[in-house]
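Below, subunit A partners subunit B and then partners subunit C, in two separate complexes.
Entry: the complex of A and B
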């Protein structure tokens, strides 16, 4: 144990120390960072090791493995299994289907899409939730009623089913809202669907926190000094929400990635030519009897990512606010709701 | 109680209206292309598009169009266009498979979830608790689209214990029905087993600190009686609400994916097939019927919960 007096350290460095003491969480953070490096390295692996692209087909090609010629896809349609470095890194994890695409390259590029959609959707949902939570908690009255009721409605929807319907309708028809136009195959469609349907999970606890902060003396003092509502919300209250936001943002990335994988698996999320871990599982499930690895690999990647984020999120919660009963309750409620209605049921 | 039910019913109607408006806008209003083209699916003939346009009245005002859509959905008049089949027939055909899957899984997850949660709470802090907590966290973390392929790989491909997916109606052959459903049931139940055992454990640990538990011990009840009669009973109420929510969400979520992976011919598989073929009327039907069912179920659970636990309905009217 350190003998330094804790009063000399700020709350953030104390939280960091508490987080670092949780070895499981540090290891999980390591796993998550490793996954980020893995997907960022996709073009390097594709160009210098596999010499192919994620959508490049190798249907009738042969490769040389340890001086032996092998079909990438057998005449019966069976894709080649993992070759590791037998063919100099080509088809490291085998081919993905009768199209003969390189599974390793697809896994790396698919992960980029999954993480991109998950992180962007979580970010959008968080920003939207902060704005809604601040407005509802600060102004109260009819603003609060309107926002809180709308959040309640989304909260009670079977979001996955509705998301599925919305996803496929927009994938077929594209989106035209007058001021914004999105084509059917765009990644923005799953991102928007996920972020809108997951806003309540994070907006509701934030609203609760804003409500309690706006009764505190420092807010009253700011108002008495003549601060505008915008200033009170964004410079007085917002910084106090930081720890809640960090914890929920981490958990939201995991939740959004599961949501995306579920939608994409059913064909209502990421559309071709883009692919994600979710769409790769669709291909893999068709070949489950011949090459089970093709479904298990992307599924394992999703699980590792989601699990590491959840452990990190839990540890951050403990580290930032070890005695925060309210926040613990909010987070448990998040778990309960995400388990009941959201992506986590996937 | 009457006020509570009235309030819940108003809430339910609001949510149902919101669902139908979302579906209406997404299918009819926001797509860039002609909605008739969207409904007809990809590569539709101009003739089909023209007839859909007339059938749905897309030149009318939005409220009239909304009315037409709702009428079609609730008179069973909704049809898929390639091939032309009534949507409600396929949904009704899918009901036995979907409910066999979800109800069976629910029984399994309730039984094991509560058992593991109870054992873990009674032995809180001990090795059994730590082991069971580890098991639950692992269970929560496995998404169905990983668990299902792994189970099929080991139990169907390698060990050949269980058959390869599909659904056999119970009335045709109860034994085959059971054999075909065991893996899908496990797939669907594992996540909830982990989750329920964690929830029950934490509820029980909370209840154990209550005064009435101390009183029960003080009056000389055995540890077993204290645990089952006082602690467990009072910890079950939140679990039951959770179950009501979860069951609906499972039908409208994980069950769809499980049906697809195990080729079970239920409603979820119908929805997934329609997604793959870009056929929108069935999706519209499944989404609306499914959402209505889930919302109805949730309302029912709320009312039953309030009936069982007066604190809920009293708390609600006190806070408003």
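Entry: the complex of A and C
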């Protein structure tokens, strides 16, 4: 009676089944979703448990812990350690620095910032990479040469160092191009830096895939029917890139979050007093000897998020396209050959 | 043979002991830092948390710069190589003796010591002094306002042309005559500042931080990589010429020194503990301060009280801080007790321009911390422009003080943007009036000389507002301050004048161009190889390189 499942189910349903069979990936997705819930709950925790905001300072205040009055910051400048629920949830993880801000609240809000920067930068990089990859792979010739070589140039740069220099310069002066104005402390600065410098990591494999797809029969058929280049690119080729894009997007979120953490740690990313997990590590490092948790906690959150996203990304690749690895290798090889041939025609 | 061998051994031991004793006797008697039981020679490896603003004597106006160059460029007069109050005494530098003041306090006559040479062998001439003054003014140095009372200096500052007629120098006799427009009680102190240290007349009129000019002091800077490191060696002409001409000036103990910028003060402390570096110019970070103090006080660590004011400035020329009520509100909102904790007990709360220890200081408390009062004043002022930028540097805990200030302003209803600038060039950035959005920020001031004028004229007098190297960050220009300031500066310091400055302190704080919050305690922290007792911390120049001595 039973029929072959693959005959009834669509490719997305099959992919989901394959993904769900990967227990590590499911657990990682659970971890990632838990992190999302954790950071989304920030206002609830801040308003109803900690009764403070992420940037609110309590330097000279005292709290009652199990009936005992304690300084949030001692006169010698030592911030209070984790109080768990001893003070009704206030300073659950202690104070972040001599400014006496609630570490738990900052960790939650900092996670929002880190994820926001990571996801937005990955999204922008992916969109840009799709457009560039489609144009380069479809039109080939000088368009391909121009785009491919530009990507090569970005790829050959010491991306992090340049990102750091640009980040510091823009953090001071902001960005004013006439048509676009971004203030120095804006989150758009790290987002733009990360997205621009990470485009080649997605655009190159997409270009390879497009080069490969553009020789397929369904594309030739569409062209023969008089479809415009835009239509061919966006309605024929782009849907076939979905699995590649989804996989890379997931991995790029993790990459972007690491990039942001690095930039923020060095003062070129998210600007104080806003918190991100990167800036929290910077603050925590100074107090590493007396309150090591202040650096360890945001570091652990970054590690958990990046690790879970990487595992999910890998599992998605396996699930969406079991032959993806072989095809991806072929695409990269194809692209390498195209590159060797001056990026013109194959 | 056995007896001969024993005799030789005794002679060798005696010779070694004699050499050892001779080396222990080095150093000048003029130092008041104690010690003197150490050895000469060696290389001092030190560290700064930030590179000095400039390694050019005409331009530098930070503690880092003055400490770095104190024993490299000697002015006509200088400050005694001593700790504490004794170190505030002005003594002859390149000049033979203290100036003869005549013409009702308007004419200063000095004589250059004969036979002096720069580290490149060029003879030091009397005419190098007017050259140094002109070079400093041409470079728009932050120190210029001190010398604009010299006849014709103000016009020179405008035109940047021609010699300054108020300075006459005779290279043959070494005589230098300085005529002032009016008497100036602080001028002797100001002649002891590095801004006007003589330099060879072929010195380029540009910032020479990367290639500092020839030295007149016992050490010369041989290599400089701005932002990174610089090195010293003994000035070869010190032993041959200058040291003989000015025997009371210490010749120094170490043969060379290398200073490296390590931006993480935690690492600096670790390096000192491990002996990788032998001295750190800045104090240990707030997070390690108590630990270092408890562990090393008396052996490798010493606190150094200073005459200083830490404050937040507000731009009085632009909204919203052009309204005195807004500035007063900020003063009420600042809680100096919170800042004491942020500085881990390294500052003592104060709310005045003049710090304790400065003549004219009389304690008052105009703005006891009250958020209610602050909000009330804000309501009355109701400023229309609430978008402001807050500036601070990246060095801890000044960065946290800036964050604290930013949050206070937010609580008062402002929309703030916090800008953190690298400590190397923070003052250059906020001292440049073309920098946009100079609304409010953090700053500090350590005494240049023990006279209250030093806390008013460069920082709050209208004439001190300049396009670059500006120190009047509040851009405060109030005739009610400018006029009495000129009058008070005309006379030598007396109890009557001290009262005048105390009054000025209170009147200025009623106008609240600043929100002062504390006076700082600095420190000396050295590795166990260095003799702590010998190290001098001068109230004007900080740690003297000549005072470092290995045990």
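In the analysis below, the second predicted complex is superposed on the first by the 319 of 346 C-alpha atoms of A that agree within 3 Å, B and C clash if a C-alpha of one lies under 4 Å from a C-alpha of the other, contacts with A are read in each partner's own complex, and residues count from 1 in each chain.
Please note the rule applied: a residue touches a chain if its C-beta (ideal position, glycine included) is under 8 Å from a C-beta of that chain, and two chains touch if they have at least 3 such contacts.
Every value quoted in this text rests on a predicted model; they were computed, and no experiment measured them.
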item: When subunit B and subunit C are modelled together on subunit A, clash or fit; value: clash
item: First (subunit B), second (subunit C), both or neither touched by A:147; value: neither
item: Touched partner set for A:199, first subunit B, second subunit C, both or neither; value: neither
item: Contacts of A:289 with subunit B and subunit C, given as first, second, both or neither; value: both
item: Touching partner for A:267 - first (subunit B), second (subunit C), both, neither; value: both
item: Subunit B versus subunit C as contact partner of A:172, first or second or both or neither; value: both
item: Superposed model, subunit A: greater residue contact from subunit B or subunit C; value: B
item: Subunit B versus subunit C as contact partner of A:93, first or second or both or neither; value: neither
item: Clashing subunit B stretch [against subunit C; choices 9-17, 45-53 or 63-71]; value: 45-53
item: Set intersection of subunit A contacts, subunit C complex versus subunit B complex; value: 168, 171-172, 183, 267, 285, 288-289
item: Touching residues (chain side subunit A, partner subunit C) in the complex; value: 55-57, 59-60, 73-78, 97-100, 168, 171-172, 183-185, 267, 271-273, 285-290
item: Residues of subunit A that touch subunit B when the two form their complex; value: 149, 152-153, 156-158, 160-162, 164-166, 168-177, 181, 183, 258, 261-262, 265-268, 278, 281, 284-285, 288-289, 292, 295-296, 299-300, 302-303, 306-307, 310, 332, 335-336, 339-341, 344-346
item: Sites on subunit B touched by subunit A in the complex; value: 11, 14-15, 18-19, 22-23, 26-27, 30-33, 35, 37-38, 41-42, 140-146, 149-150, 152-153, 157, 164, 191-192, 195, 199, 202, 242, 245-246, 248-250, 252-254, 256-257, 260-261, 271-272, 275-276, 278, 280, 283-284, 286-287, 290-291, 294-295, 298
item: Of all residues in subunit C, those that touch subunit A in their complex; value: 266, 285-291, 335, 337-338, 340-345, 394, 396-397, 399-400, 403-404, 406-407, 410, 417-422, 429
